[in-house]
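Two complexes come next, and they have one chain in common, subunit A, joined by subunit B in the first and subunit C in the second.
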Partner chain A sequence: MTIKKQGLSWIAWLSLGLMLTWLILPLLPLALWSISHRWYFPDILPSEYSLHAWKYVFSDTAGVMTALGQTTLIALGTTALAVLIGVPAGRALGLYHFKGKALVELLILAPTIVPGIAVVLGIHVVFLKLGLANSLFGVMIVHLIPALPYMVLVMAGVFANYNPAIEAQARSLGANPLQAFWYVTLPAILPGLLVGCFFTFLVSWSQYILTLVIGGGRVATLPLLLFNFATSGRNDITGAIGILYILPGVIVLVLAARHLSGRNSAAGSLRQI
Partner chain B sequence: MSDRWKIALLLAPAVLVITCLFLGGLALGFARSLNYMPLIGLNDINLNAYVSILSSSGFYKSLLLTTYISFTSTLVSCVLAIGAAMILRRSFIGKPIASFLFQVNLTVPHLVGAIGILYLFSQSGFFARLAYEFELISRPADFPAMVFDPAAIGIILQYVWKEVPFIGVILLANMQTIGADYEAAARSLGANRWQSFRFVLLPLILPGLLSASMIVFAFTFGAYEIPALLGQNFPSSLPVLAYDTFTDVDLTARPEAMALAMIIALASALLIAGYVKLARRHVRQ
Partner chain C sequence: MTNVVLENLTKTYGQADVAAVDNISLTLKSGALTAILGPSGCGKSTILKMIAGLLAPEAGDIKFDGRSVLNQKPEQRNAVMMFQDHLLFPYMTVAENIGFGLKMQRQSKTEIQTRVGELMELVQLQDLGSRKPDALSGGQQQRVALARALVVKPKILLLDEPLSNLDAHLRIEMRDLIKRLQQEMKITTLFVTHDQEEAVILAEEIALVIDGRLRQSGSAPVFFERPKDETVTRFFGGCNFVDGVARDGHFICPLATFALPADCRTGKGRLTFRPENIRLNADLSAENSFSAILISKTYLGTQTRLHLAAAGIEFEALTNPGEAHNLIDGAELPVQLPKNSLWVLG
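Then we have the complex of A and B:
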């Protein structure tokens, strides 16, 4: 059996076509609603188009731009914290074998499986006491729960294929620890670190219930706004915010498309989104 | 500095953060579910919250609904993902584009997908309009309820939409590693296509499939915003019930909300334990 069958049968083509249509289909009404002016039942397509929803979204009074800024700020803050805390842990897990490693790995994996709502209701009262509830910083911290494990796991994978001997070589050539990190370690881990940052950013970007509970309605991120508009029946504005909201993820995907398919860890990282 | 200290120092921040936030959150929720929270002056430990939950029929309806949603979504997603991966692993014209489209919704948040499902399947949505166009229905109310419905079809459709690519990408990676040689050997020994799938490929991809379905089941069991948007009011799914109880104006309901959170956590812990057991058994074979 050395001859491999090439191409697809018509039934495989049909299934593939149906599958891909189904995967893209739910995104189309959002795009269409965002540019519609009148779209009543039973019209299949809008009877009038306008850019009203987009004008509203970009206006100063609507609060969408503020929400966009807050969502971005929180995601960037969470990512920065995750880098500081997660890269060293990834290094330890990737480079060393030690007693209790399996337990540490389980501890770090657990938040990716246990649902956020089970954890955040308990945290709320302490965050209230600490003054972290209803604040951007508090939301950033709580987003670390789903986000940090991914940074650690991605970096553990990076460091598993990394040879620390090159740092020793740099040191023996006269580099101080900071120089060795900056000129030797960082360039070596940078591609993996960027992947970790993208994922951490997107995990924070897509959080809903953690922001709702800890933000207490004071921290309005895009998903919270999106949910409110969706339940109040403003389909045109919902569509526009929805499109705005998926942009970073789609951009990251286009940039990372080549790296995604062959990597378990990468796909696993997209789970919390 | 010895390796031991180095490892401890490297791990300390992450372990500390996860212990405080994650384990701390669970522990605080558990304490509050027992009505114990000295921080706000509650000192009497009791099981009232659990008794009240476990004796209400609403809880069992929610539990049943949530389990049904998770089970159905996971099963349907797995079957479709296997099919999709079997097609996408072959070489054909346009494969890069197909693979890209297959992955497009991986980074799209669940909430956006849920809104898309709402606009497609509600009684005034795209498919209802299509049905009207073909004179299958004469008014929106004639269209079968697929969102806010007792069978939770909208919720399941949303999860399937989102999880098929997730499981599919993991299986595809597995299949690439395995290659086609084992199946080719089986075929040359007389196995038909079904047999070479059932007895050769499926056992090889089973560990990946199991871990992916565990993740999907746990996620669909604990997700809030999708059932909150697409689900009926009563019975609601467990996470929605937990949040609604949490935000109840009656603060005495708080321990019940925490107890519900603990039950959700317990379910995911059982899933992890079951998965670890299955994985071990598989390794031993």
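Then we have the complex of A and C:
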């Protein structure tokens, strides 16, 4: 038993080390760039440091904060819409058998296979006609295309392991449909729903081409700014925005790990070992 | 105490031509336990779901105290269903599960606490209120489900095979608990089961449903002594049928001419007699006795089943193993069918 325990611990530490190497090390240059003033080849570290890039990012005039706000708003809006569509769709796919189910599943999966750049110009024409182009709402809608499949597939998996009779039980005990959903259905699907929300949020957060075309330059998000600064050679500002940009991803990763592994967080399970 | 009446209840699933529930009319005695008995998949659960409001009948009516409830939603009917799987809410504690119905009625916290405490005592779970359902045994889970159903004082309690997932000894315990609580609280109860013994022990009235149709209803002895037809007889373990003619209080058939009870039908018919009512080693000069040959015997533990034949007709008798022990296959046995144990089917 003790040997096994030691072996486990050794593997755990190794994988932790590897994870840190892969996840944290690539971020180090980003952090360094954001506080560098002079950093020329072949120096390993910057020769001069300054907080200039961070001052710029947080200044009112640069528009980075506005972009951060808009990115967040769009990602939240997309997630909310994805919940409204994805939960009923996932329920239908997970619980019921109907004609053409395989086709529906394929169509839902399709946007994850077809690259956005291939379809965005066609969508742009349609959105112009519908008056959805150049608006925040239009960008949220177009973000649903790559984001919704994740929500639907996660929820279909959740509902495949769900017994709807428990809702009938709640109704029979005097719960109206809303109460049955709130007290019985929601707690049962919540872990999966949160994971679906994390995915949706991140997919929307990292959209570039769809935002660029449908937003028509009026909607500025972090990926657009990041791309601008990266191509114009401002590595210090790119570094600072980059850090802001990956922040929700890291937060979501930690939260998702908690919910993916049930009640125990990643840190908690390490402690148990 | 609610009087519940089902009138010509019919339900068909999908495009099937066969109705799951076919024109069933039944009056449930107020405050009593009625059992719907039938083989698996005969539409028993469908009847419960229609009463609970979870399914809409295609035709017919359901009345509580004389008033149709068809336009009432499940949560308005106060007809509480308890399913075969306990279906406890896994994220709530035992106490929260039991109090769920009261919470939906927006009762005060103190009221809920008092009622939940009472119910937990009734089902002997007073120390487990803070546990989660998955930390309970199967029997305890089922008792929580029963308490959760009873706490709202339902107009009618609908039990869908609540014992079939339990081990044999737990089943008896739970069966007795259901019977005791039902009698104490006088809740009109409908109990669905495929187990004939369960129905006989628990129910004041039994409704036998086969293939979605009500075959016969009444108190338990009726099904053993006065079954309506061969299907009903067989469902309750009857296995002896002899064709013949009933005339002037006697049944004439190849076995013998038997004296019949007064309420038997006359004309062509089928004589039936239960295996446990056959008297062995009778006096051949006594009424309704004749000689039979023992073909074989099957040891059943508490009883022995004898396979007998006379005049080319085979029939079965049940006797205690001690008596059967001395009997040898091929032996000639004098048997008697007591007059009051005979019945003629159409």
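Definition applied: the second predicted complex is superposed on the first by the 231 of 273 C-alpha atoms of A that agree within 3 Å, B and C clash if a C-alpha of one lies under 4 Å from a C-alpha of the other, contacts with A are read in each partner's own complex, and residues count from 1 in each chain.
FYI, a residue touches a chain if its C-beta (ideal position, glycine included) is under 8 Å from a C-beta of that chain, and two chains touch if they have at least 3 such contacts.
If you're wondering where the values come from, they're calculated on a predicted model, not measured in any experiment.
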Review point. In the superposed arrangement, does A:L51 touch subunit B (first), subunit C (second), both or neither?
Key: neither
Exercise for review: Would you check which partner chain A:L136 touches, where first means subunit B only, second means subunit C only, and both and neither mean what they say?
Suggested key: neither
Check your understanding: Which partner does A:M65 reach: the first (subunit B), the second (subunit C), both, or neither?
Key -> neither
Exercise for review: Determine, under the contact definition given at the top, whether A:P187 touches first (subunit B), second (subunit C), both, or neither.
Suggested key: second
Check your understanding: Who does A:F98 touch here: subunit B (first), subunit C (second), both, or neither?
Key -> first
Point to revise | Partner with the higher number of touched subunit A residues, subunit C or subunit B | key: B
Check your understanding: When the two structures are overlaid on chain A, which partner does A:A175 contact: first (subunit B), second (subunit C), both, or neither?
Key -> second
Check your understanding: Counting only touches as set out at the top, which of subunit B and subunit C does A:N163 meet: first, second, both, neither?
Key -> second
Review point. In the complex formed with subunit C, which residues of subunit A make contact?
Key: 163, 165-166, 168-176, 179, 183-184, 187-188
Point to revise | In the complex with subunit A, residue positions of subunit B that touch it | key: 3-4, 6-7, 9-11, 13-15, 17-19, 21-32, 37, 39-40, 80, 83-84, 87-88, 90-93, 98-113, 115-120, 124-126, 128-130, 132-133, 140, 158, 161, 164-166, 169-170, 172-174, 176, 180, 184-185, 187-188, 208, 214-215, 218-219, 221-225, 228-229, 239, 242-243, 246, 257-258, 261-262, 264-265, 268-269, 271-272
**Study point:** subunit B-facing residues of subunit A, complex
**Key:** 1, 4-8, 12, 15-16, 19-20, 22-30, 33, 41-44, 84-86, 88-89, 91-93, 96, 98, 104, 107-108, 110-123, 125-126, 129, 141-142, 144-145, 148-149, 152, 202, 205-206, 208-209, 212-213, 223, 226-227, 230-231, 235, 238, 242, 245-246, 248-250, 252-253, 257, 260-264, 267-268, 270-271, 273
**Study point:** subunit C residues touching subunit A - in the complex, by the definition given at the top
**Key:** 49, 52-54, 73-75, 78-81, 83, 85, 87, 89-91, 100-101, 104-105, 148-149, 152, 158
